[in-house]
Amino acid sequence: MRQMTERLDQQSASAARRRGGGRPLGTAIRYLIFLGPAALLYVPFVLKPLIETFGLSLFAWNGVSAERTFVGLANYARALGDPIFWISLRNNLYWVVTSIVLPMATGLVIAVLLSAVRRGQRIYAGIFFTPVVLNLIIVGLVWGIIYNPLIGPLNRLLRAVGLGSLAIGWLGDRYAATPAIMVAGAWTFFGFCAVIFLQGLRTLDREQIEAATIDGAGPFRRFRKIIVPALSDQVTLLIVMSIIGSFKVFDIVYVMTKGGPDHASEVIATYMYWQSFMNGSLGYGAALAVMLTAVVAGASLAMMALRERD
Amino acid sequence: MRRRKTRHTLILHGVLIASALLTVFPLGLIALMAFKTNPEIFANPLALPGAWRWQQIGKAWTDGHFGPYYLNSLQVAVPTVLMVVIASTLAAYGLVFGRLPGARYALAAILLGLIVPLQAIIVSLFHDLGDMGLLNSLWGLSLAQAAVGLPFGIFMMRSFFLGIPKDLIEAARLDGAGDVTVLRRVVLPLATAPALTLATLQFMYSWNDFLLPLIILHDPSLRTVTLGLFYLQGGTYTLNYTMISAGVLITAVPIMVVFFLLQRQFIAGVTAGAVK
Amino acid sequence: ATTVLNVWDQFFSEEPNKLMNEFVAEFQKAHPGVEIKRNVLDTDSIRATLPAALTAGQGPDLFYYDAGPAFLGPLVEAGLVADLTQEYAARGWDKSLVDWPVERVTYGNKIWGVPNEIEYTNVYVDLAVLDQLGMKDKLVADKDHPELLTLKSLDDFKAILEASKAKGIVPIAFGNRDPGRGGHLFSYFLTLTAGKDLVDKILFGDGRWDDPKVIDAWKLYKDYSTAGYYPPSPNAISYDEGNALFFNGAAATNITGTWLVGDIMGQVADPSKIDFFLLPSVSADLPLSAAAGIGSTFAVAEKSPNKQLALDFLDFIMSKDAGKRWLKEANIVPPIKDIDIKGLDLPPMMQRVVEGATLPLSYNLDVVMPAEWNDAMKTGTQSLLDGSSTPEDVAARMEQAWEKAKAEGRIWKAH
Amino acid sequence: MASVELQGIGKRFGELSVIADLDLKIDEGEFVVFVGPSGCGKSTLLRMIAGLEDVSGGHLRIGGREVTDLDPAKRGVAMVFQSYALYPHMSVRDNMGFALSIDGTPAGEREERVMAAARILKIEHLVDRRPVHLSGGQRQRVAIGRAIVRDPEVFLFDEPLSNLDAALRGEMRMELARLHQRLGATMIYVTHDQVEAMTLADRIVVLDRGRIQQVGHPMDIYGRPDNLFVATFIGSPKMNVLDVVAGETMGGLLALSHPDLPPLALAVDGPSMAQGSPLKLGVRPNDLRFDVAEGGIVVKVDFVERHGDQTIVNCETESGLTLNVAIPGNVDTAPGNTHRLGLDSARCHLFADDGRLISRRPESNPARSR
Amino acid sequence: MASVELQGIGKRFGELSVIADLDLKIDEGEFVVFVGPSGCGKSTLLRMIAGLEDVSGGHLRIGGREVTDLDPAKRGVAMVFQSYALYPHMSVRDNMGFALSIDGTPAGEREERVMAAARILKIEHLVDRRPVHLSGGQRQRVAIGRAIVRDPEVFLFDEPLSNLDAALRGEMRMELARLHQRLGATMIYVTHDQVEAMTLADRIVVLDRGRIQQVGHPMDIYGRPDNLFVATFIGSPKMNVLDVVAGETMGGLLALSHPDLPPLALAVDGPSMAQGSPLKLGVRPNDLRFDVAEGGIVVKVDFVERHGDQTIVNCETESGLTLNVAIPGNVDTAPGNTHRLGLDSARCHLFADDGRLISRRPESNPARSR
């Protein structure tokens, strides 16, 4: 192919003069036309900063002073000995697990229910999808109110049903804060999962379900043994998205707890932000950023590799 | 048998309606609060407002400067959407049909962008924007947002293009179509649905974006709606639930309207682009 | 051609914001061809953006930023802030401004900023609630400062808190989701247990943060929690929500700072029922005091092409006349000497604030301390509340952070 | 093994009546094939028997037991789907054992029965693979194996071979026939492939628009179609149909006239025909003799299709009527050549204008064998 | 109309050599069909001619002009794809006119040529529809129309009918043949359907693993296969193959022995055979005579497939050898019956152990026509 395109390049100059439509473009020109605009955006605004971030991670720098001290991998070593880094990483892992389980399970159930109704499917889907389109500030505010220990409906409800002992200060409790944020996070993601699953269910081979019916499988078993496995494409997609999203999670934590109390709900992105902007340790923040990127890349690649293998 | 089916349907709808209510409950709560007074909220956040105080929305609108902020948001979102849709489509076409040697590496570089957290590059990005004189400008914000949104756009359009049969492109080649013609007359007409979805998604992202505007825009007259909402809540030392709730409504309603209008294509596109 | 002067400040509350706008308008009128562009940011946002903006050469000419070694300090060291020492003499600020606030913006014998606001911690009290509790008579005038209210002893405070707790009213409206707020309480309690001298000794001498008196301050903070004087789960309540409790009559007292006066005037339905007092120290030999600071300071960018213009503007808003307006219109006490408040018709609470500013005030610590110390203190305020740390732990962590910062030279050295 | 009895079965989808009042009795161990054009209701009928579609009216009995409202799993039927409907995430072994694992058959017995079925189908070596790793024919075998394992009383097949290529289809066809011989189970089979219908069925049920057109032994259906629909639907190439006009009836012989045909008289049964009434004369391409010495129909070759083992000659009469002739082996001709086609009255089928067969007197009936 | 010449054509995909050093000359106006098992390289070859795949070695000439490195659009070829590859967003008219609109043909002329092609294919009434609103057969016609409009010198077809059902496939097959007669263009056609190959081709090219096995007229390929691969690949049901052992050669007659066969001697050509060397004897199912009175091969019927117009009897010899016999019409037999099969030595094919045809003396060659 390469050989051919090169030959075409030589011809294209004269061909270009002759007619408009059908001339093949040279490789360089094709690169320019197709990837040029993307590169114009991507290289200066994503790739270059990314490389600079890596460079930055090798320095100690407070973000303002003129000179930066080269420290090699010291920032990385520092992370390994930093308990908050480990708390953050652990929280990220919680996020990975929870956001795979919670919104996906809810979304799957909803999708299965939706696929069974004839009328109003789109309206329901629209409603379940609404939280997906809201920005995280709104989500933070709305759930801040729900979790509010003073006026929040959650604690009111708990007290009303006699579970007053469970009415805690959700976002201020070092154990409850992260789960509480995750529930809010799930609220913004389950609708997406539901829609993806619903689409998968639509293309599901109806005969497979019927075969299982004849084989004697009841609704529950059909769901567990046939439907869920049949959605494996959707499941892997959502898992990859959840993994990436869970490691990158920032806004929702930032607007709900800023990583508190006592760094208990910190995730790497918020901790990195805090180190870079509030604590003036930009080199360290950059090292955290690089490590985060590496972890996300590793996890996604592993997941995709698993998917390929199957 | 027939009767059993009707009962099934009823239960099904019951469950779905309950879940739907639960889903919108938080938003409903906020909507109610926008009409209440602060003491009413403290008394019982769940109760209906004593009166429907529409003027509170108006006050939030003017005090929060949402008028100009809407314009700013549009001024950012529209170019962002255009840039992302155009650049993603071209790039995805190039990657799938462009016979580009080494396209694998370009793709890998783009996928990297998909997994890099924005926070990871924001410090360097900020300095680079400064060097280019793009700080404190809506254009700068547009460019940054477009660049950040681009990897997903390329990924999504690429997934779609991968689903276009190769035969179709080859038929066009045999018909004498060059790259530009194939793109313009064969691929693009087919790509309108995913492109529309991408546009919607990108619009939402741009409209809802918080971190980039926060960092890039310094002049208050340049604030976007989301930033406006943030300053409405974070800007005072006292919590005015009424104002904030009204602000939430003001910010959320348009995006929800856009979503509901485009829902059909949008959801179809989300799934088409995603599962590949 | 117009000269644009970019100003970044943090006056987002309604009244100060309005006043700033008035100043801007008036200044522009007096200086044709000058346009002042304000950028009003909240604290976190300005911390996130200003340093980078200044380094990138995209920053403001004049900015209002936290004074303190963690904030203004690095900017000074990086040469991004203009040295104003000469200007103090030239413009007479050395005479017209109160000394201790200026000291807070002094690094290495050079002055880098112009403080704008004196703030200190105090206890707001809902008189209506106090009346209801039958505790109004606990408030007494201070013997040296008859204009100021205080209590006979901390036990009286406890009595008030107990009484309100018994009535089901929140004794102290306190939200510590933003942990800096607990830091204010700590700074205040430290003033009560240790006094300014000990703090000075730690900051500038050989004192230590694990001093028993520091631990006592933490114990006080913790005791109030154990006794149930704070609302349930303060870590879950934002500062704003805590204030809202107090504003809406759901709490008896609110320990915070004078910066809240403006909001009280604006938000509380009947502001006249709110008053404030200062807590007595634990031992009688310590004077009546509070933890004070200047919050943020104005500073001029070294790279600004319009330094003099910026200073002219500062001169304009720091004049005695302007000072009166800060007081009257924005409920802010400027560090300007000898403002004649008679005839200003200030509300009684504001008059007390001005009076209190003349006390021998101690430090509101978070703004004068390095970042890691702040982190140790702030996380300490949260972990003490949920019992995961003891006062001793927190004190030890603060000392550790302090020693590290000291070794790296990242502490405030005025002289 | 069980009989299947349909009595007055009807099916409506909303307003649309797809099947109306259909009666059919299938004996124990019989292999019955439903054929008919697309959309005629074959699948619907099969799915009603399986219980996947509820009946709108009538009664359904399997092995004498009323099953009209019974759960699909309890009817003792197994179904093989066109798409195979294998569970993609399970191994072949698990696919085949799924039904048993549901009804709680112990693992040991399950394994035994699965392997027994695998042996019958010669797929023992494949049991640990996933369906994606199987070829089309192997998948088909697994699908059948899944049915066998359940040891059902009735097997249902919905176009089970239509996704396979021609060669494999032929092979699987033979295997299915052997399987039926071996298991002796009742089998109901839907197809639109005639060869399958002809070669597999004990009886063929020809359906059109939800109605049974004819039920019978394949060779009877082929040789004695009850009406024009069945006549033209079964047989490939299609039966040639000529519009003829009834002449006089003399001595049981009805004279028929057609411009291109030499005079022709058929021995018909039943009431005599009104003279001049239009009739349809059907004759299969392989029942026309090619190149008769004299008489016959004079045609010009339009087109020749040589299949190697037989040759289809597409000819045209002078009046423009198209006739297909099928001749075994290879034939020396080319487009444009002229030939005479011989018409054997014994091999002709006569239909009334509305398509009903006009029955012929036995002696002159098209023979079932040559 | 143009000739197509392949000279030393090779194709590698990375390490994998798919086609090696292939020579073929296709004359102007010829209809050539490539057949062969899946994966043998048919599509690759076609796509190389089209220019969609570049050749790894060799030369390609169309109409005498070297096109090896020429742009697909400039080769004067048009291709019809298996998937039709219609532009879904264009009307039939625009689909067909797309190539013309690209090369700048004026709208008037474009419309004329599109409508002319539509008339040829009888789809004039469909020109304003979108492809989704067409049936499979109609889509196929549009795809062909799109090729016709371009008035190419060479038509290329890659399994164009494989997505259609059997009946439609037959119909389209006939239409393609007519089209070829009418346009007289060179056509190269890929299929794995034998009937298509046999009925359409002027010459068939049989490919296996990237090599040409035989090129020739369909009836020659059927009647005189060059090797065992071609012999068994072409013809359905498959040719029966028996392992025989060479005996003495006497007077040009080679004796062959097989336990189940009566003594047999074939007139062979060329050098004499080593006695005892293993050979393959091929005989087509329809070349075996059923029920000869005496002699012949004694077989027991295993299985009978009745297709109506012919009957395939699957039999077994005593030694367990399976033989298929195809008999026109219907035959009276049933599994278990015993018959004698007649073997006509003139209709036998003899192959060496490696599959090469052992040529026979002309007089005894299997005849091209009966």
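Letters A, B, C, D and E mark the chains in the order given here, with residues in each chain numbered from 1 onward.
Everything that follows uses one rule, which is that a residue touches a chain if its C-beta (ideal position, glycine included) is under 8 Å from a C-beta of that chain, and two chains touch if they have at least 3 such contacts.
Given the structure is predicted, the values throughout are model-derived calculations rather than measurements.
**Student:** Expressed in steps between touching chains, what is the minimal separation of subunit C and subunit E?
**Tutor:** Minimum step count, subunit C to subunit E: 2.
**Student:** Does A-B or A-C have the larger number of C-beta pairs in contact?
**Tutor:** A-B
**Student:** Which whole number of Å gives the spacing of the CA centres of subunit B and subunit D?
**Tutor:** Measuring from centre to centre gives 57 Å for this pair.
**Student:** I'd like the Å distance between the centres of subunit C and subunit D, where a centre is the mean of that chain's Cα atoms.
**Tutor:** Taking the average C-alpha coordinate of subunit C and of subunit D, the gap between them is 94 Å.
**Student:** On a C-alpha centroid basis, what's the spacing between subunit B and subunit C, in Å?
**Tutor:** A distance of 40 Å separates the two centres.
**Student:** On subunit D, where are the residues touching two or more other chains?
**Tutor:** none
**Student:** Using the touch definition from the top, which residues of subunit C touch two or more other chains?
**Tutor:** 44, 48, 52, 55, 238, 241, 250 - these are the residues of subunit C that touch more than one other chain.
**Student:** So which stretches of subunit B touch two or more other chains?
**Tutor:** Only 42, 123, 127, 129, 176-177, 181, 241 qualify.
**Student:** Spell out the part of subunit A that touches subunit D in their complex, as residue ranges.
**Tutor:** Going by the criterion above, the answer is residues 205, 207-208, 210-217, 221, 225-226, 229-230, 232.
**Student:** In the complex of these two chains, what residues of subunit D are touching subunit A?
**Tutor:** Contact set of subunit D toward subunit A: 47, 50-52, 72-74, 77-79, 81-83, 85-90, 98-99, 102-103, 146, 150.
**Student:** What residues of subunit A sit close enough to touch subunit B in their complex?
**Tutor:** 1-2, 5, 21-25, 27, 30-31, 33-38, 40-42, 44-50, 52-53, 56, 63, 110, 113-114, 116-117, 120, 122, 124-131, 133-138, 141-143, 145-146, 150-153, 156, 187, 191-192, 195-196, 199-200, 233-234, 237, 244, 247-248, 250-251, 269, 272-273, 276, 282, 285-286, 289-290, 292-293, 296-297, 300
**Student:** Report the residues of subunit B in contact with subunit E in the complex, numbered from low to high.
**Tutor:** 165, 167-168, 170-177, 181, 185-186, 189-190
**Student:** Given the complex with subunit E, which residues does subunit D contribute to the contact?
**Tutor:** These residues of subunit D touch subunit E: 165-167, 170, 173-174, 177-178, 192-195, 198-199, 218-219, 222-223, 234-237, 284-286, 303, 305-310, 314, 326, 328-332, 368-370.
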